[in-house]
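I've put the structures underneath this note.
Paired with subunit B in one complex and with subunit C in the other, subunit A is shared by the two complexes that follow.
Up next is the complex of A and B:
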């Protein structure tokens, strides 16, 4: 019998451990028999088991509390974000079930890589210090670099992977440099000690520069402007199921980490850190929404839309980081975003079929008449992303904007509202094409029931979160999402 | 859900399911199936209502709350949704689903050759669902969902034959006028949230009785609720949509525009009874709006020649009666009249529908006559309906109308607001009602035929599927009044049943208690008024065979009345003309200022977007440089502000 060492509470790390075991199992089974379905089945089982542990953490966080000292934090925010990561990964596995990317028989590493990326993401949202954060970030990033270049022999695919890797390495370097500077200034890696040290006296330039570099590194992952430029290119080049996965899971993990750093390591007495974040948020809102305006490919449009949503999430993080709004806002928004964004990519995946150019707006024309079910789902996702009530995206944006008002960032809130008006234009262009334009040719969609299930589940989630916004909010809030704020 | 009364909660879902099946899969069903399915759904809902009724009868505490879910909870604003099953809502549900079922069945015959049947029955079920939500809701928020839902169903059914422009226009008119009323209701809800912090009806009522008696806040809320109620129940000055709404199929007129939806305003006031009981001012406004409507609509009905329009104006007039009752504080009496009116007015409309059906769409009184021999069953049931609405004892209309007259005269709640004058207006209206209903009856069934020979040859009594509902409704029109015998001398079942459900024991509404002799006298007076109306009608129209039915339909006064006393014209001149003038002005502003500005803004945005795209070179070096530049800018921000902390 294995006796865990003192201070190690297995419950807290159980979701990550389960995924790790599932990834190893899938990998070993893959060497025996290269079958993508087998890997997918192991992945789904592992994700379901991990979700059980994550929900247990969410319902009863105290019992599984902090472990490894304070480095692995279990509270409402981390457990809630872990659930979002697991939901996103689950839907991504369903989406890739019949996809050619995963069916390439001699590459059974696809699902293990997905699971490892999710493990890294879960580590990031539970991180209580920079060491765990960096470990999680690298596990996540390296897996996603490989996944985004999955289509070997396709120029855009290889370019996407290379681009993401080079820029990601650059960003990681800056992040690590920032961590080093912070350590130099405060002598600590864990957020609580850093926060206490910074709050104790006027922080010197070293600590502030460290904070700025950490912000740049995490800002790259969440695609804040001007660190966002990889996003549209990589989203377009990567296989669509992978794009769907990274657009939500990487974002959830990085925002989880940013939320914790902003609220625990950066004290409210140091306004310049918040000011930097505010500048990035403003820039992101403008660049993301304007960039999406002229895109005629769905994946590229959704890439810029992902940047725009990072702006809204940034608003919520900004307010929550100052302790002036509940962090539950961020957690709520990220699960809603997982459903609607993954759903939009799932429909795009089905519509593109095998055609790499198949996401252009012409391909969407007449979808409403030919495939009404898919068109209704896509309309739901796009309206939700645009923020129409009573869908999930509306409450997400409303909560974020309200958080910004509460925290006194009224000008940012007004900017966010104006940007939301612009957003309606680029989302409804696709809705218009689906319902009001005539199909130039017969529409064929990928024949995948599993992917249809992913679309259906995502649509159900989008609608349910809009109709019953209370349920998820109460669950996370009830678990004590309130982070250990430093004054 | 072990309590059978709570099963009623499923009625709206049942009706909605019927609507969805007919609406989505209707095109794969054969002709009578649509109607059978929809009728089965309506009967199912009626069965649930009966179960709830029986379950509530046998207990002391007759109010069952079924909480459903919290729609939203933001800060200190909470909107919990739930269902309230009590004698008031169950009474309304019995009428809605009971009369509704009969009308569904009748529609199978009436619409048998219409190609749009699946749409028709889907909408009819949708209406049932929305109306059930309206009366079952335990909060104004959920009630508003039903309120708008019945509005939409009504709009779609008025314009059911949408290929005729007049019908589509009538639907739009109904919808727009109702929206005006909705604004009042919304404002009332805003005030409730502001003052009481809740929209749950019983919490609002409980909070209202805590306020000072007759406070201005309660008066304002009451008047705003009245605006909403007047829109839905076609009271002056928002009554103009109901006569036009007759463009819809006749069963729709019977169900929505006579028996159920238009009584929603009365129900709204009765539901908010404790609030109105605290504010005589708002109650007096309700009563006087009702009285004015009752009289004016009765006068207009005198000059109509369309069999359905006469009934429409009569409905407006009778709704006015109900408003007087709830305004006077006799909430159960208002609902009592809702019940009896639902029976006899649905009967009259279905009778008219049977006549129109037999005459292949003819609706003009001047081209009918003598139909009593050709349509014997329709004639007999319609005659009973006419006598019931005229208020002859012992038919249903007599008891509810008499109760309204007595309670209006004896209301101490409205002391100082002219109860005697209200009584007088209602008495005159009662005589007028008997008069114009006799004219309606005689014009259709009495005297000699004025039909074309060709039409007359094709006249046939309607099939059993249509006449059976007529007979059932006639039976209820005859006996339904016995649940509400005059309380001073006889057992009265409905008062005890409804009194607690409306006022909820929160507050008392005072009435004077005249002696039995006075009560008998009042009864005699109202019977005399009804008889006088009928007698004058007989003298004018039936004195000699072939007397012109046109009488009172010519001359300037009659023309004025036929046009609804010029209200539509005035609206056209003031509201429509004014809006058009404003719209023209705004159009100029829109074209020259807003559009140009927006186009300019659009071009500017596009320019920015192109700029953003231009930076997106695709080269890693550009992107890395942007990241580096961003980091440098952040460092500069720090240098500028940060060190100062």
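Up next is the complex of A and C:
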């Protein structure tokens, strides 16, 4: 291992550095020869190399320690979330591989932007203070703003980019102001010192206001209700591979940051911040699930479903932030979510086949008879998102609900269980359309083998995590730990 | 001789700036003005960071300087946001010669 003289250990930041180098390489090569596949190939190589470093951090987190003093934290949770980000980016690159077909990625900047966004996300999940968190958040967000406005000349695409940018910048400004207030109250930017200062005495209004602003700013990014309105609009307007990417990577990064802030910067002696988070979670569970009921397009439905899942993840963060549940619950859920949600968007991408209206429920009718492979994969993803055992989504939701019970939020846990019943309705609508409705026309799907590989890999991940839930849990939590749904 | 202005006045001014910016974001129609309001909010945060750094001056150089240093980070963030945001704005304006955010409602189904 390379250890520079001042004791900076490069092992911890190696995944982010590798992605940065890959992004720069792809950009420079893109100026020589404008070929999207060349950028994609560099991206896949860079992601694979970064994954090696991230898995190394995951298996052996203590050996690399906290780099940059305390500001870049390498532990099981952060390394696990970095792996989830890399997996999501890898699948998104596969999905956009045959770019000219889908009219995304036909310019050489596309894949470098994906890599830069992933770099920002990795910085966010490793952040040990608000400065690294803010920088990571902006690197991630600015790349995704540009990606979501990729289809210039397509009104929906431009509107998605504009909306996401204005609301995202607004949220960032609120978050930064919250950080400034927190500094005013505690004199610190790193989470450990903030937590110690808040635990030392009764926190004043300045600290509480700062915490509330930070919660609102991050709440925008993870799409908590009532700050969720951008999510369905942007998910619909952005190109589908970009939607697939942002729906998982932005969520993993923002929840990673929220988990770290809630568990380290907000001590258990400050219950009002936990109460605020609990109210947001309850609203999110209700709004996300009821909103999804009303949608007839797959992308919008999945947009509201992403809001609903933010509610379950919020439950897990709430319990983990109080120290009453393991952070591994959140990490486990986020990798499962990466596989199933990205898979669902990948199938949608194939079925839409460049038709902006091609995700409506009519377009899914008869898919089971015409394209059984795709229909089986989509059924798996939707059932997993709905939480049917033995798929990955079941364990995710079960772990989150159990964490809420453990932490004493019984009413929220019951609400989450009720919401899960509602969720079955809107997911199975699409499953019924695929298998039990006649196809009104011949079904053309996008001719992309790479995107099919993305679907296959995501399906394999969804099933494998459901069948062997202990493997990932033990990797993140530490050797010998086993996932237990009942105490 | 003038008395120095106490830090709390600066914090109050920054809160007023932040509130003005937030109101601007929520009420303005033009995307450019919405964006300018966001910049106002970011600079409110900067002002309060400097004011708080003054307040923590007795706590040692490391604590006081960290607040002033973060101001530069926020400035860099704001500049990067301008670059990307104006790029998106120009792309849209080219297409429809308007930056009215109320026109941006077609995505809703």
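In this section, the second predicted complex is superposed on the first by the 467 of 487 C-alpha atoms of A that agree within 3 Å, B and C clash if a C-alpha of one lies under 4 Å from a C-alpha of the other, contacts with A are read in each partner's own complex, and residues count from 1 in each chain.
Quick note on the criterion: a residue touches a chain if its C-beta (ideal position, glycine included) is under 8 Å from a C-beta of that chain, and two chains touch if they have at least 3 such contacts.
On a predicted model such as this, the values are computed, not experimentally measured, just so you know.
S.K.: Looking at A:149, would you say it contacts subunit B, subunit C, both, or neither? Reply first, second, both or neither.
M.R.: Only subunit C; A:149 stays clear of subunit B.
S.K.: Using the superposition on chain A described above, determine whether A:468 touches subunit B (first), subunit C (second), both, or neither.
M.R.: A:468 contacts subunit B only, not subunit C.
S.K.: Contact-wise, after the overlay, does A:291 reach subunit B, subunit C, both or neither (first, second, both, neither)?
M.R.: first
S.K.: Based on the superposed arrangement, let me know which partner A:170 touches: subunit B (first), subunit C (second), both, or neither?
M.R.: A:170 contacts both subunit B and subunit C.
S.K.: If you stack the two complexes on chain A, which partner ends up touching A:233: first (subunit B), second (subunit C), both, or neither?
M.R.: Once the two structures are laid over each other on A, A:233 reaches both partners.
S.K.: In the superposed arrangement, does A:444 touch subunit B (first), subunit C (second), both or neither?
M.R.: neither
S.K.: By the touch definition at the top of the document, which applies to A:272: first (subunit B), second (subunit C), both, or neither?
M.R.: A:272 sits against subunit B, while subunit C stays out of touch.
S.K.: In the overlaid three-chain picture, which partner chain does A:35 touch, first (subunit B) or second (subunit C), both, or neither?
M.R.: A:35 contacts neither subunit B nor subunit C.
S.K.: Do any residues of subunit A touch both subunit B and subunit C, and if so, which are they?
M.R.: In subunit A, positions 162-163, 166, 170, 174, 233 sit in both the subunit B and subunit C interfaces.
S.K.: Enumerate the contact residues on subunit A facing subunit B in the complex.
M.R.: It is residues 162-163, 166-167, 170-171, 174, 202-205, 208-209, 212-213, 215-216, 219-220, 225-227, 229-230, 232-233, 269-273, 275-276, 279-280, 286-287, 290-291, 293-294, 422, 468-470 of subunit A that touch subunit B.
S.K.: Under the touch definition given earlier, write down the residues of subunit C that touch subunit A in their complex.
M.R.: Residues of subunit C touching subunit A: 11, 14, 18, 21-22, 25, 31, 34-35, 38, 41-42, 44-46, 48-49, 51-52, 55-56, 59, 63, 66-67, 70, 73-74, 77, 80-81, 84-85, 87-89, 91-92, 95-96, 101, 104-109.
S.K.: Can you list the residues on subunit B that touch subunit A in the complex?
M.R.: 69-70, 72-73, 605-606, 608-610, 612-613, 615-616, 618, 620, 622-624, 626-627, 629-631, 633-635, 637-639, 641-643, 645
S.K.: Residues of subunit A touching subunit C in their complex?
M.R.: Residues 131, 134-135, 138, 142, 145-146, 149, 152-153, 155-156, 158-163, 165-166, 169-170, 172-174, 176-177, 179-181, 183-184, 187-189, 233, 236-237, 295-297, 300.
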